[in-house]
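My questions all concern the structure below.
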């Protein structure tokens, strides 16, 4: 295992320490339980937006803490949901009296742990609403599975609902907007290599030199199918077709296209794929009016990428364009 | 014969030991059909339990089980944390303030634990989860207790049933948890959570049998 | 070779097309010769800042085109300096009458090609000054080598001199500031894995599972020494000690610490190393007042990292803090 | 006997062919002590030269050399682009408008080319660069021309000397170019640029020798 770390068990805490040192103006960290909050939290009378999940997907979620996005992020161990007490402590720290919206990716562990935290916080009189993101079209049969996974859509949702909260929307309105994003967002990913979890020490799966994994999640769970390497053109098609088929994006629809690196895929390849995707969508009459390209929801040092498409309306577009100032996303 | 707080504590310590010894095996099982953290999660949780047991000396079996529950909930994370946590929490409630547990109480606490896991995780039998080890275990425990078995014997029967139940997950296609994303590719592998259940029950039986 | 590309020879051009599609408000691209300019170029009466070099180090330089940083970037083939005609064409496109500052990394190829471009542009009556960045302390003996390589310091220099140009400094003043940055900046890097150049098809060097390369450059040239893997603490020390020894950063000195990922090193490891570095420097009385942490000058999908230390004074700090708006760096 | 534009063009085409055939070998050499692009750089450059030769039919040897120079400069990049470009540019200036080149003119143009490379790159002998192939080649050419040699023979002698010179770079420690960063670790490898020089001169000699 090749990593720049000290003890594998301390990786998350050590990284948080470094994050705090790197962004003294933006972030405050709390250790044991671990969470990250924006320096000016709690912002009174603002809905607090809190998310979290296993570590290893950075910048998600800790890199999105700041004005216009998350009030707090709660990182678990690598690829492991955080525990309810940590989430509860973070909620306490950032709730400004207007209630808290929890953004949860749909994995059994996250759902169960955040559910418990929500109950605990509600028991303390904090208004809590939850949105569960489940945008991964690679999971086809959601009755025979734990349901669709939350992947790239989470980034877009956190940005948009964070802007709504910053603008003063109340908890019900933030929740409605979050549900609207969740309803209109779809993703699909692929991997060329597997990541190595520090406390495991070897790659999460074995992939031959000529193979790629299509429909992979962000925990390096094996994907929909394993096929031979193909050209960028063909890969883009393999990812976008199921997305378009799943949510009927129609001719003339306005969408945000998010081209995401799983970690180790460099900007050249990502931009290349983004360019192919823009042409692919233009040919089908889907109008891309906003874009995000970069490593925003990753799987450690996995090589691979994902696309996310979000249907925009005027309100969502305005919220997307609204200012944001976080370590990983700023405009 | 019945188990006091001392014996339940000893059983939990032994469970922690066994999980630690099997950490890498559980990682490997989870790597095959999940995300590879199960061994680390359980080991982290039970190490935390051991640490808590150094600080506190819970006076009743129920208090021990409650300490295990809250510690697992606040240290394991993932799917297994809330599920094992709930199981121990429900078991603790069921035994209440009793000074010691006989076989019937043990079977009842197991039943409550399993019901808790089902309530939270909504898994059905043959979904390839820890339920497939837990359900046969509780049935075997109830039967043994009904026949007037001792705590040690009851736990031993439960452990054997859990072991068989865990092994029965191998051919199954997962329908809950992370392994479900693999579809048919999940068949042919042992469910890590079910394996943990079998390991824990065997450890508990070991200690109680030795008393 | 595992890459999301079509034909290896088209990688740079295809990526530029995707970049243009991703950032229509910020960038304009020109193909054959390839270069990228900010949309509002030429900005009249502003000194134009132009850089470039082999591709494969993204976001450097193309991702730094925009207000407050570069007016144009000229990407060559992967790891290969661009040709003089391309640089000359970019200069023509962005020079706003106040002259052009060329930022060149010290590699024989870059120096020779940019030198020729500068002569050609000067021949057309454009005022051209050049700064050569040579901040890599891994190159010890610069009389018996092609001289020190330009690495991480380039990012800082481009940001600072870009801000100076945006503020209206004239060419001589921009050049002076660039030389000041160059004089006070030092870097050192390391690699855990080798990248694969698309037209080569296999890794640039072979490194055993238990080895790392200390003092590596950004073209995956082998480094200063090859040693066994070590802890993050020890790696940080190995990189920072030669930097501190080279430029006498003294107790109380104010510095900017730039912790850079070579591509595939994920944010957790990078922040972890950054935290270690902050403590290391604090113990030695070096005051870190500004930080940059992320993958800003990379080597394709290489795993590894580098540190850059820049001595700050009031003017340099203010220029660093000045607004910047580019695809990869915005505040 | 002397070489006209037609023969010089044929020599250049042959050079392009040889570079293309040896592309991967040059990549390998550069991968060992540089950044692995030399084969691709030279091949891209000479493919561009071939494309230019399809469009234009330069009337004099000097015009052919000038076309090669400007095309290499605007298509190779890296260190080798400006260096080979300068060499061909200086060679072109030296031969001027001459309709054909005898051995003396060839030797003189080689000398001018080498001087150009030294002026730009500042390498000295034994720095482990293309200079270590170019310098012996030009000396051999001058000697052969001085003895009244023919163009073909002169180029053949130069090519042989270049080959020996290139091989002489193997034990050297690089002091210029990217290989210099390796320090002592650069010893034991053939310099890719020197190898390109030897390949090109051999290709030129081949064509002229056949005339």
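Per-chain residue numbering starts at 1, and chain names A, B, C and D are given in the order in which the chains are listed.
Rule of thumb we're sticking to: contacts are C-beta pairs under 8 Å (C-beta built on N, C-alpha and C of every residue); 3 or more make two chains touch, one makes a residue touch a chain.
Values in this document were obtained by computation on a predicted structure and should not be read as measured data.
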Chains contacting each of chain A and chain C, listed by label: none
Euclidean distance of C-alpha centroids - chain C vs chain D, Å: 32
Whole-Å gap between the CA centroids of chain B and chain C: 54
Inter-centroid spacing, chain D versus chain B (mean Cα positions, whole Å): 75
Touching two or more other chains - residues of chain A: 78
Pairs of chains found to touch, sorted by chain label: A-B, A-C, C-D
List of chain A residues in touch with chain B within their complex: 9, 33, 54, 76-86, 107-109, 112-113, 115-116, 138-139, 141, 144-146, 149, 197, 199-200, 202, 204-205, 217, 219-223
Complex contact set, residues of chain C against chain A: 2-6, 11-12, 14-23, 55-56, 58-59, 63, 78, 192-193, 209, 212, 229, 231-233, 235, 259, 263-276, 278, 291, 293, 295, 298, 300-301, 303, 305, 330-331
Parts of chain B lying in touch with chain A, wherever the complex brings them together: 27, 31, 34-37, 40-41, 44, 73-83, 120-121, 173, 175-178, 180-183, 185
